[in-house]
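Across the two complexes that follow, subunit A remains constant while its partner is subunit B and subsequently subunit C.
Right, the complex of A and B next:
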């Protein structure tokens, strides 16, 4: 069944690729009803963005279905698992193709619900907690989505084709922005992203590379004319998310969580390029990142599988000779993540770096963020490849179905090697030029990074701040957004209840209204009573008059 | 996920020092990843313990112990290492354990929905009891083969042997 689904999505990918070469915008629209100025329709937009993104999503999901056939082998709920996963991809397609806010909401809620069901797939308490955190954080975003939908519907505007008109509804646009940053896990909504690592690895691979977290970025690109006024806000948020994710990835020991934090830092990198106006670069980085991150997650899953579900780097055995293919897949993905020349990550990252260096206020913080990326990549590959801590691990053999698991990983890796230059050449028409003067600073920068990372490995380990809980728990974001946040709201609600609802508000509000209405009604009633008398008197007077 | 804070028995000073050393080494395993580093640090730590091993004055010894516990607390790892199937580990409790006796706790009406299965089950249970009594219990009425300890397990001293109650009379076997 899983293989059938994999084949289905691969065929979908081929169809998308066919469409890709006939560039143009096609809109398919089915009108549901029209009344006066409002019209509700099911519509699908087939244009450059949606086709390219859908082809990437369908290719990655085909590979992941192929992978999960063997990864989840022997699991009791395998059928339901693959159905849920396909539901996830389908709601993602809703999100990609529909311009209409109602159907975007459908895809959006589908993503939220199915991601919850997938995170709680394993029946442990910790994954249940993680799933609830994920679901409730995304619910916050959904609420803002509904707010903005109601605001837009005042003007009966339901799609991003009405961008010019939508600009008038600034409040709704801001709510939409909040919605998108909850899905893309920017500060202060980041705590759900590492928690969602409780899901099985194929899910993480799909969710954190191309579907769930990038949905926010993709819709931001779609609604970009609306967001122009909030770009400064977004710059600050994304820079701080980048720093936070970088520090967290350097201090975390759980392998999957490190990859999740690297996803977070790449997302904020995209957000940064978006909010400085480099929207098309942001989209390009979204695509390349999806390819190498999916393969990184899958090769991580392979190691987790062969290590008997252990994710901790401190529990890893060294790579035996049978695992050379794993190790090299890690290396290629990590190099692509760092932006090593002529891998796909290079084409997207280097453009953004070069452009941002010319003009940017928070340049130092941005450079520190990029430095963090390289640092955690080196740390990841160091512990993955050279780690000699075999003392804790049991003797783990090479997994039997390696050839089936290697196939999707390596097809994705080949894509992530080739597609960067291919896309930039044929679809984006980016222009690259390299000069010594422009590129020499990168060499110095890399040397600095290498020096600092060596220092980190051997000296900085003893520095006190690395032991601080503030840095090891996402800047205490998790607690602040869950327990403390709820406590704050409860205390605020209590104060409001005591000082407003029961005292002043009550006195000047309902009771005052009640008092004034009673007195007014007494007055009116007296008028009415007297007016009856007058009317009767008039009647009698007229009667006598006419007689 | 330990319950070390629950003091349920008197612990000797010697045992506390040993526990402190073990916890210290476990903490180091969380900090130093490579085995050689961990061993080096453990040897250094052992040296620190050994320097004070001959102290006879209990006031100084207790103070050293408390200082060591303080140091351990201050140096604890934010993300302590845990094995995957242990509480706090990544794969803990993924596959729920469903005990077989759960089926016995069904309501008779529920059981009546599957009459054939439950008839078979009761039969198999009787057979299993008979098998146990024939092969393992050697015809005795009571199960004397489990280790007995008439008291709190936490109060049991480390060296104490666990076995049959010596005062209890056991029938000789006929085999």
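Right, the complex of A and C next:
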């Protein structure tokens, strides 16, 4: 079943690559329902963005299905698992191909539902709590989506082709922005992202590389003409998210959560480049990030599987004595995350860094964020690669199923090495090689990073641990967005219910209207039931007029 | 069955055809008289207690209106009521025949003393003569017309609060629908035709369904179809009655008549509130006499009504 689905998505990937070089925009539209005020249609848009992203999604999902044959080997419900996972991919295709808000909502809700079902897959209390947090936080975004849908439907603007600069449309666009940042876990809504790590590792791999959290960024790119007015807002949010995710990844000991925070920081990196207007670069980084993040998660899954499902990496050093093949794949992923030259992450990140030089304040904040990235990836690879205590036999149970591991991880690795230069050559050819030579600031930047990491080891570490509570609990975001925030709203709702809804609002509102209407109707009824005398009086009155 | 019924109904239809196709007011008057003379015997086919009184009342009203029409024909120039345009006297005659606005009195009194089928004829086909008069005199949206539209909608809103009987509810809802129809007849002809067709269809459906509930307290009716029909007449969105209303409202918004549309919408809201109140009681009630209910409304009638409602809805959507 899983392998069949993998093959299916691979065939889909091949079809997509066939269409990849046919440039231009094709919109296929089927009219479902039309009336004299509105019309509803199923439509598919086939252009550069949708084709390229769909090909990446289908390739990654094919590889992940292949990987889950290894990872979910002894599981009793493997069939249901792979069906749920394919539901993920299919609702992602809805999001990619449909310009229509109704069908976007369909894919959007499909993603939310399937993510809930997959987070609670292991059926423990903690995973149930995590799933509920994920689902409700995404539900907030869904509600804003419905708001914006109703606002757009006032003008029957259901697709992103026909946007007009009306006030309501701007409001709807703001609601859409909030929806998208809930899905890609930007700062007020980011507490669900580490919680969703309770899902099985193939799910996390799919979610973090190309489906759930990147759906928000992809739709932001799609709706970019509407979002122009909110770029300032988005800059602040993404910079803060980047700093938060960087600190969290530096303080976390859970292996999967570190990868999750690294995704968060990369997402806010994309958001930042988006909000400064570098929309196409943002898309490029989205694609390259998808490739190396999927393989990074797969390597993580391999480690978890070999270490008896332990995710804490303090006492383990899986790659030191194990297979050098997987260790090197891990290294390639980490280096690509840092933006090491001529890996795929380098092409997209360097492009954004070069272009962002124009603004000083931005570049300082940005450099701190990128510094955090390098810091946590160094820390992560240190614990993964250098043997601290090797009393455990690493990678013992992996060798039987190694054929299911080599193909997905290494094909993604090869893609993440090659595709950066390939895509930048074919699609994103905005830059030339002499810009590398000209930008001497990178040398200074490297020295700065070295200095700062030394400083971190000796000085900054103490400062961080002084504010341990604040930093290591996601800037207290978890508490504020769950229990405390809900309590605030319930108290407010209780007050409103007591003092307005049940007291004078009711008395002077509906009750008053009903009473006055009833008394008025008594008056009018007496007028009408006044028999024919009234009628003949009216007749005589009219007679005077006509004569 | 009365042996004169086919002949009378033929003459009745001929009179309606003649009214719309006559080219001068005298011919119109002749066909109008023919219409009322055909209709009054139709009222008397089924012998009821108050039938004679009702037919006499109807005759008096029709006589007064035809007298006014003759007077308006004779001294067209010197009528005192021409505030803005010459044919205001003709418009008044039309209001009198329809029972719109302050002339609702006779229709309301009549509705208690005639059978349901005759009431449906008065509410649908007999109103056509008034609308034909408005159409032929090319009435515009004058102050007189506006006053009568407002009066109709507001009187219907207030009278509707106190009605329990099925027939009187039908009559009052016809008053509120008359205000919409008057708006339509002076703004869009096609919208008026569409509205009239859907409204007449709903009324006729209600007659097929509701034979056993004549003169009963409407709150105690057991079926769910009646509330649905009333909600359709009130104009709740998925029902067929909604579509002509939104068509008329769109036309009003194109011609920037926002005040009129707000008044009409307000009245429609109150109507829907009242009908919803009734439908809650009949829908949420624990039906004790379900067997009796099954015996009364057979399955075929239910199927017929449902299919007809869906058909009208589809028609409305296609338009």
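Operating definition for what follows: the second predicted complex is superposed on the first by the 450 of 547 C-alpha atoms of A that agree within 3 Å, B and C clash if a C-alpha of one lies under 4 Å from a C-alpha of the other, contacts with A are read in each partner's own complex, and residues count from 1 in each chain.
The criterion applied here is as follows: a residue touches a chain if its C-beta (ideal position, glycine included) is under 8 Å from a C-beta of that chain, and two chains touch if they have at least 3 such contacts.
Note that the structure is a prediction, hence the values are computed from the model and not measured.
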Quick one: classify A:68 as touching subunit B (first), subunit C (second), both or neither.
neither
Touching A:182 in the superposition: subunit B (first), subunit C (second), both, neither?
neither
Classify the contacts of A:115 with the two partner chains as first (subunit B alone), second (subunit C alone), both, or neither.
neither
Touching partner for A:6 - first (subunit B), second (subunit C), both, neither:
neither
State whether A:517 touches subunit B only (first), subunit C only (second), both chains, or neither.
second
Touching A:534, do we find subunit B (first), subunit C (second), both, or neither?
second
Just subunit B (first), just subunit C (second), both, or neither: which does A:542 touch?
second
Where does A:247 make contact in the superposed view: on subunit B (first), on subunit C (second), on both, or on neither?
neither
With the touch criterion stated at the top, can you tell me which subunit A residues are shared between the subunit B interface and the subunit C interface?
none
Please give the residue numbers of subunit C that touch subunit A in the complex, ascending.
57, 64, 68, 71-72, 75, 79-81, 89, 92, 102-106, 108-109, 155, 157-162, 246-247, 250, 270, 317, 319
Of all residues in subunit A, which touch subunit B in the complex?
122-127, 251-254, 308-315, 383, 387-392, 461, 467-469, 472-473
Subunit A - residues contacting subunit C, complex:
33, 35-37, 517-518, 520-525, 528-532, 534-535, 538-539, 542, 545-547
Enumerate the contact residues on subunit B facing subunit A in the complex.
29-31, 33-36, 75, 77-79, 81-85, 89-96
